[in-house]
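When the chains are written out, they are named A, B and C in that same order, and each has its own residue count from 1.
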Amino acid sequence: MSAHRLAPPSAILRHAVLLITGALILIPFVWMVSLSIKPPGEIFRASFSFWPEQFYGIENYTKALTNSPLPRYMLNGVIVCAMILALQIIVCAPAAYALAKLDFPGRNLLFAMVLIALILPHEVLSLPLFVLGYQVGILNTYAALIFPYVVSPFGIFLFRQFFKTIPDDVIHAARLDGLSELAIVWRIMVPMALPAIIAFGIFSIVSHWNSLFWPLIAVRDQSLMPPPLGIMVFKNGEAGNDYGPLMAASTLVVAPLIIAFLSAQRWFVEGLTGGAVK
Amino acid sequence: MLAAGSLAGPAFLLLIVLFFLPVFAVFAIALTDWQFGASSLSFVGLANFREVFADESFRASLVNTIVYVAIVVPGTIVLGLAIALLIESGKSFRAFYRAIHFLPYMATLTAMAIAWEALLHPTIGLVNQTLAGLDLPTANWLRDENTVLPVLAVIGIWQNLGFAMVLFLAGLKSIPQDLYDAADIDGADVWLDRLRTVTLPMLGPVTMFVFIVVALKAFETFDTVQVLTQGGPGHASEMLLYTLYRESFEYLRTGYGASVAAVFLLIVVALTLIQARVLDKKVHYQ
Amino acid sequence: MAAITIEKIEKSFGATPVLRDVSLDIADGEFVTLLGPSGCGKSTLLRILAGLEVQTGGSIAIGERVVDGVRPKRRDVAMVFQSYALYPHMTVQENMAVPLRMRRLSSIQRLPLIGRFLPGTKAVGAEIEKDVMRTAKALGIGHLLGRKPGQLSGGQRQRVAVGRAMVRQPAVFLMDEPLSNLDAKLRVQMRAEIKELHDRLGVTFVYVTHDQSEAMTMSDRVAVMLDGELLQVASPREIYADPDDRRVAEFIGSPKINMLEARVRDNGLAEIAGTSFAIPGDITPGISLALGIRPEAFHLVEAGGDNILTGAVRMIEHMGSDLYVHLAVPGTEHPVIARLLAERAPQIASGQTLHLGVKPERLLLFAADGHRLRPHDHASATVLRMKERVQ
């Protein structure tokens, strides 16, 4: 590449363009944080300044945390994401192992089902899933938020791809050592596929932490709402035009993932792009 | 074989219950007069579909969705590719630029939509303030039926371009240096020639993948509509998934909702078939 | 036409030097191979020749022209890559046309859509097509023109890569391990084809490989490189039989040359493992040297004595026409390997004691620093005279 390293003027241009596009990308974040520390008076007195004349952050964030059950929303988000992820791994890892390493009648059918399910937009199936939840009698519970997602076609697919790269000899050795097939999944395959598990974990957590559509259908009680639904209710309710606390709440909802992302960028990129990026 | 059955069995059953039976049910409901809670039903053929397609709000929703996808997909691909090329063209600050541009893709869209609403606020929003400061015309972006859909599309591009960028970056990295060397020797050694001889053709498969993923995601746009516009003003920002939600769960028009879902599914299937049959052959060089 | 002068080339990546003071003159029409183990800098030197890499110091001239800082396009060189580097999205025909299009069409004529309607584009295009066809026919790939690289076998891709290089008739061919991705049988066949191609085109070839049999069979001259240095440039025969440097002797030849550490005694004989060897010339007593003996230089003798190595047979390798016998000679570090005729096999058993004789003129002497000591060599004679004076 040495012959094509950019000459200084184009290097400067590169930085200039990327800094501008980067700044444009960041504006919503910056504006959100900026409004979250401004008093109402300053918000409505249109101004360009990022930093408030009167720091009102404490009031806004206190209001966000006390006027709405925001901590409860966040807790719900954590519970739901954790449960979904745990169940997904429990269901998907053994199936992926069977698909990758075992020969059984119906294997191709199962894999075809995984591939088809992979492209089905889950939201579109919400009506039958809602009916199913109603029949089982679990609507408006944590279970309602969780059950549509306990099997993840993407998880099966990703794990299968990874398991396939593990040499058969490892499994043969494990069988000779007397491990059961289930033990092979949990004590050999999953630990060896840890990168794939982490990538999938990030994908799962980010999707479900951010998800609005299904929670909107599945629960009515505020005490069960995950963050996006909670914040929407907060906005539609008393906070309506009280931008300061609303932005504070938004910031708090977005912050955990952003912080996690900035501290583990590579893993996030890998997880959220479907392992297509190595 | 017993082992395989017990390992794959749960996933198999759950896939059927949570994916395949619902697909079947969507079409079944769409072809009957079943209402949520009713104990009987009868076959009504395509009556629900006739009703749906006769409905102005659904037609608006379908057209809006297609327009939205037609803006978001090319916008995302072109911008994502341009930024990826820019980042890759130098060595410094790569991770930094990548992180910044990727940020919206993982930020909670519901919360960010609220931030966008503040930005687009007709009087105190930064957008109108800036435009006014430059003596340019301002608008009530989310309440004007001419601007609302493009504005939502801009938010869609803003959210997805990081995803495209990251995939293009990976694609760029996987182009063998030998090909650039060969291009140098062959005389394709200025920027545009290298781009056309090596870079763009080699990104074909990645572009296809990005196209499908972003198109599917754009079709499923919901959060911004729900939070920002509720389909309005009029039907100017109705989109399929929002229509599906409102008809099924707010108006409880079960048959109508199922028909919308069925149309939606057909679009997705068509899109995937196009990818598999036509374009795939042209971009994978076998 | 295109002789190449490489003068004092230095190259380092950061602080790591990869080429040190490499100078080499290549005659017009010559086939020169850069031979060395991986990491010796041979590919870097080739890439500097091509203009893909810029040297840290020194100068390169192709033909009469100094090409330092000249872009690859303007150097009149073509290159065949190890990976072939064919454009996977283009047919064979399009692949081979690229170098011609880039040279014969202006950048405006190459524009998509518009370009083809500009005056001249069509005529030049037809010309290009004709040239591609001619080259393809010459290489026997005329029937593949419509296919894409993904549909070709390794050998066919190799030919297309050669074709893309050949089609614009460059003054110099550069080849970077072009055969190493082929299976053994095809490699031997392509070796002959490339040699033939060189004879037919009569232009300068610079060929990089780590495979000594390729280097020995194809080249007019072989340039042996190690650790960024050029050790010796000579004909294949000389490189093998008359190496300048211990490292060259050790790199070339399979099985490897036997190196026996020896000390020259008062009587002018060298002592190895308790036996005396008469060494050619008059080398000063007291100095240490290494005796290099090619495995095939040994012959079986009946009994031990001077000029004879005696040891127990450790291992016998039957190679068909030959027999490699590994002998444990007391007092030497490594087993001595002798290459004997296969018909000797019935007489030799593992554990048996063998006596190996060697003619004095087949001994290669190396000084402690690795330089070859030639009895009549002026330089070593000087060394010897100096030693005499010291005593």
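As a working rule, a residue touches a chain if its C-beta (ideal position, glycine included) is under 8 Å from a C-beta of that chain, and two chains touch if they have at least 3 such contacts.
These figures come from a predicted structure and were not determined experimentally.
Under the touch definition stated at the top, chain A and chain C share these contacting partners: B.
Across the two candidate interfaces, A-B and B-C, the one carrying more C-beta contacts is A-B. Averaged C-alpha coordinates put the centre of chain B at 56 Å from the centre of chain C.
If you average the Cα atoms of chain A and of chain B, the two centres end up 17 Å apart. For chain A, the set of residues that touch two or more other chains comprises 3.
Contact of a single residue of chain C with at least two other chains is seen at positions 51-52, 71-72. Contact with two or more other chains is made by residues 184 of chain B.
Those residues of chain C whose C-beta lies close enough to touch chain B in the complex are 47, 50-52, 71-73, 77-79, 81-83, 85-90, 98-99, 102-103, 107, 110, 112, 148-151, 164. On the side of chain B, the complex with chain A involves touching residues 1, 3-8, 10-12, 14-23, 25-26, 29, 36, 79, 83, 86-87, 89-93, 95, 97-112, 114-116, 118-119, 123-124, 126, 129-130, 158, 162-163, 166-167, 169-170, 177, 180, 184, 194, 209, 213, 216, 219-220, 222-223, 226-227, 241, 244-245, 248-249, 254, 257-258, 261, 264-265, 268, 272.
Residues 1, 3-6, 10-11, 14-15, 17-18, 21-22, 25-29, 31-32, 35, 43-44, 46-48, 91-92, 94-95, 97-99, 102-107, 110, 113-114, 116-117, 119-132, 147-148, 150-151, 153, 156, 180-182, 185, 206, 209-210, 212-213, 216-217, 227-229, 231-232, 235, 243, 246-247, 249-251, 253-254, 257-258, 261-262, 265, 268-269, 272-274, 276-278 of chain A touch chain B in their complex. Those residues of chain B whose C-beta lies close enough to touch chain C in the complex are 176, 178-179, 181-190, 192-193, 196-198, 201-202, 204, 285-286.
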